[in-house]
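Several structures are given next for inspection.
Two complexes come next, and they have one chain in common, subunit A, joined by subunit B in the first and subunit C in the second.
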Partner chain A sequence: MKRVAIAAYGITPFSKDDKKIESILFESTKNLLENNPKIEKNEIDTVLVSTNNNSKYLSPILSESIGIQPKIAHSIENLCNSGTNSIVSAYSYIAAGLADIVLVSGAERYDSPGQILEWDNSRGEFKHPIFWASIFTSSYKRKFGISDEELAMVSVKNHSQAQNNPNAISKKTYSVEDVMNSKKITDDLKLLDCSQSCTGGASIILASENIIKKITDQPIWISGVGQKTISAGFTKNNSFNSMESTKIASQTALHMAHKEIHDIDVAEVHDAFSVCEPMALEAIGMANHGEGTKMVKELYETKNLMINPRGGLIGCGHPLGATGIAQTIEITQQLQSRARNRQVENPNTGLVHNMSAAATSSTILVLEK
Partner chain B sequence: MSFESEMSKGSFVIPQCSTCQKWVWPPTDYCNACFGKISLKKGDFQGRVIEFSRQNDDYFCMVEIENSFRIMAKMSDKPKIDQIVKISKCGIEDGNYYFEIN
Partner chain C sequence: MKRVAIAAYGITPFSKDDKKIESILFESTKNLLENNPKIEKNEIDTVLVSTNNNSKYLSPILSESIGIQPKIAHSIENLCNSGTNSIVSAYSYIAAGLADIVLVSGAERYDSPGQILEWDNSRGEFKHPIFWASIFTSSYKRKFGISDEELAMVSVKNHSQAQNNPNAISKKTYSVEDVMNSKKITDDLKLLDCSQSCTGGASIILASENIIKKITDQPIWISGVGQKTISAGFTKNNSFNSMESTKIASQTALHMAHKEIHDIDVAEVHDAFSVCEPMALEAIGMANHGEGTKMVKELYETKNLMINPRGGLIGCGHPLGATGIAQTIEITQQLQSRARNRQVENPNTGLVHNMSAAATSSTILVLEK
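Coming up: the complex of A and B.
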């Protein structure tokens, strides 16, 4: 199997702008190519598009709009972890020898149809993500005796960290009190506990070992990949206070990378709602069960940016198909020491956690210098 | 008789495999274990509240039906964890199922 590395990236600001999906895809790809003049666009032999948008044939459309004729071009959709699924597909094409340079471009509009899985009728009339998030939150608080204030710290930390990220949708910091006083969505969820669906694009180029040196001096290797699907329906989760798919995917990815969890210096975790961050930290093994919020508080108080340095989904916004790619770009920048005022000190190994629909499925990537 | 035609009439039935007897949820035409044909089982089924929260005046509950599968259902009174409940109302509106319990 060939080794695969990340060679380049491009991203758009995340916003509530009303833009065509094709324009969003083009924008982050243009940004990538303009910032990486060593990449000859005609050498891109595969184009994968990650989105939940209902438009068809977007990968050939993107290819035509940047003036290339790749061998392989198609879309990938898997709700909120479409982005990392696309990266895993790109990895697989290269590792198998079917492609050498793959462009993965993710894009979403603020009104994405990927927010609600219509098929999941077991949830009755409670299909919006706020309902699974409320059940997770209620269950997590009950199981571990955690307060709303402790969970609010996730939002405080991630909005604060987003202020160092010019592409983030959040332009403000908040206190625990602000989060507690924000609009009540349900008994267990305030508005500031939620990430917001938004418009945004993120693109990345993966390349094989024999090509990578020609296009970048700072390749970031994908050394671990782990994925797990438990179900499609939310009601099939075994537990509502832990993330089984994330736990299994994390073990698989770390095993593949020959790493232990304490080797991870920086991580992006999928904080779609406040409760998701402690649950993810526990599932990947960074915190003991029920102690995720304690870790979040310590990180915030010591100004340690190692978890969600770009501001996570809560701070950045959540353009579904672009999120996993934006998370991967952040870890890449961190490992290249190019994260500017949000740089974690000299990281060697990073991790990306991206999941869909109440952690019914998860993807974990381990990245290394 | 299909699951959805029964639901539309406000009747909650459980899809069961005619071959291996497994309860199959969510409703489909064939068993997800052995691909046997599904038949519909009528009954006075019990549920147990395993988690809940509230939006405005309505509680929404994760309910485990007959220790087998789960649905999310609306309840007007405050539920208790492990409370035994029955489906008092169900149906399909705009393609979405709805369940009420008491």
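Coming up: the complex of A and C.
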């Protein structure tokens, strides 16, 4: 089996800009190619597009716009973890010997159709993710005796960390009081507890072991892959205060990478809402059940950037199809010691957690330098 | 590298029925599971959905509806060759060792948004596929001195062959005169020269070599895979009377399978319009350039079913995301000698040709028993 590594990346600022989906795909890919002059673009043999946008044939469109004629070309959608689904697909094409250099480009507009969960009739009219997030928050608080203020710390930390990320949508820091006093959305959620759907793109190139040296002297290896889908409807979850799909995906990925959770030096976790960060930390095994918010508080107070150094979804914004790719880029930069003022000290192993629709589906990637 | 085989299949009738996309996906999958009682559905570890439908999260929805919790789950779109893109993706997951049993389910509604090529501004307002097909037909006729009557034979043959396929949308045969007298759509195309967008679903299960014996004693191996994308806009084709992407994909797939074109005993080619069948036969090397219609006529006159035995897209109907899967099912049935009154005599090796948008992108699969 061929080993697979991340060879290059490009990204756009995350914003509320009204751009065409084709332009967003092009912009992050152009950024990638400009920053990696050793890549012969004609050697890119697969182009995968990750998006919830309704436009068709986006991979051939992106390919033509950058002037290449790949072998494999298509779009991939699985709501909010489309990005890591695409990366795992790219991994498979290379490991299977069908491709050597794969471009994965994720893009979304602020008005993505993936925001509205039309499919889940178990929610009745409550189709916006805010409703499952509210039920999760209520359940998590009740089960573990957690306060709104403790959960607000996730937003405080991630907005703070986002200030070191020039591409993040957040341009200021907030206090716990600011979060508590922000607009009340439901009984359990304030505006600053939520990530924002936004416009943004992120591109990554994966390559096989025999090609990678031509492109970069700092390859980041994908050593663990775990995925799990529990259901489509969030009311089929075993509980509203834990993430079963994330737990299973994490165990699978760590097992494949021959790692334990304490080997992870830096991680991106899918904080679509405040409550998701402690729940994810618990599901992947970094915190005991019910102690995720305690870990978040300690990290913030000790200025430890190891969880969501780029600011997470709450600080960066959440362009659905691009998010998993942007998370993977962050861990790649961290392991390459190129994360500038977001840099965690000398990390060797990192983890990406990307999920969809109330953690009904999760992906975990383990990355190593 | 693990070898990959087709282990099972299920299909729906192709029709103009007004069904929900989720129901179509469920229907062909149910047909598959009912016909293959040896499959433990909980062992299906990947579910890929092939469609142009705008609905999101269809793979988790299908998974939940059949009561399974897969690892990998997402939708794949590349217009009319979404189906074979999904099969190649499934192949990769198994060959790479990330999955053992993959369900690929394709579905489309008669009103698919994939019919309108919004993206190709090179066509001005001429966004329906009928316009590229008309230009191809005009160019092919002029270049090789082919008559409308000779092209009409494709429709005659494929409607005739469809009468042996209980799932085909066509329920009657036509003469050359019938085709010539059918409604004129453009200067070069009549109604019966066109495949119809329709409602239909097709599902297939791929499995790894070490699993396959538990499921079937007639595995059909995927021995060759070729894909090529030339452009997104059809005016970027080198010519309007040949299919460059098909030619390259065919060479790649045959090379991978260690086969020559004369080894192919039965083939499905993507006859979206009459002119596509001779052009495809020429591109894959079964006929000399300009002699595809001569081959079609000979096949029809000698009752040789080797090209599009199920009736092709013209006879069966063309539910975009399901077509490539339905084509692959046909070749699988042929190689298993289970094609009943469509059966080609004792075939050992078959080929699937599935393409998108004026052959700007093509897939070729070589299958063997």
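A few notes on this one:
Simple rule for what comes next: the second predicted complex is superposed on the first by the 369 of 369 C-alpha atoms of A that agree within 3 Å, B and C clash if a C-alpha of one lies under 4 Å from a C-alpha of the other, contacts with A are read in each partner's own complex, and residues count from 1 in each chain.
As a convention for this text, a residue touches a chain if its C-beta (ideal position, glycine included) is under 8 Å from a C-beta of that chain, and two chains touch if they have at least 3 such contacts.
For clarity, every value in this text was computed on a predicted model and none was experimentally measured.
Look at A:G97: by the touch rule set out above, it reaches subunit C but stays clear of subunit B. Applying the stated contact rule after C-alpha superposition, one finds that A:T186 touches subunit B and leaves subunit C untouched. After overlaying the two complexes on the shared chain, residue contacts for A:S361 are found with subunit C alone; subunit B is out of touch.
Look at A:I135: by the touch rule set out above, it reaches subunit B but stays clear of subunit C.
Looking at the shared chain after the overlay, A:P13 reaches neither subunit B nor subunit C. Among subunit B and subunit C, the chain that touches a larger number of residues in subunit A is C.
Contacts of A:G290 after superposition on the shared chain: neither subunit B nor subunit C is touched.
In the superposed model, A:G233 makes contact with both subunit B and subunit C. 118, 233, 236 are the residues of subunit A that lie in the contact sets of both subunit B and subunit C, per the superposition on chain A. Contacts from subunit A toward subunit B in the complex involve residues 118, 120-127, 130-131, 134-135, 137-139, 142, 185-189, 233-236, 240.
Contacts from subunit C toward subunit A in the complex involve residues 1, 22, 47, 52, 54-61, 63-64, 69-79, 82, 85, 88-89, 91-93, 95-98, 113-114, 117-119, 225-233, 236, 249, 252, 356-357, 360-361. By the touch criterion stated above, subunit B contacts subunit A in their complex at residues 25-26, 50-55, 60, 62, 69-74, 81, 93, 95-99.
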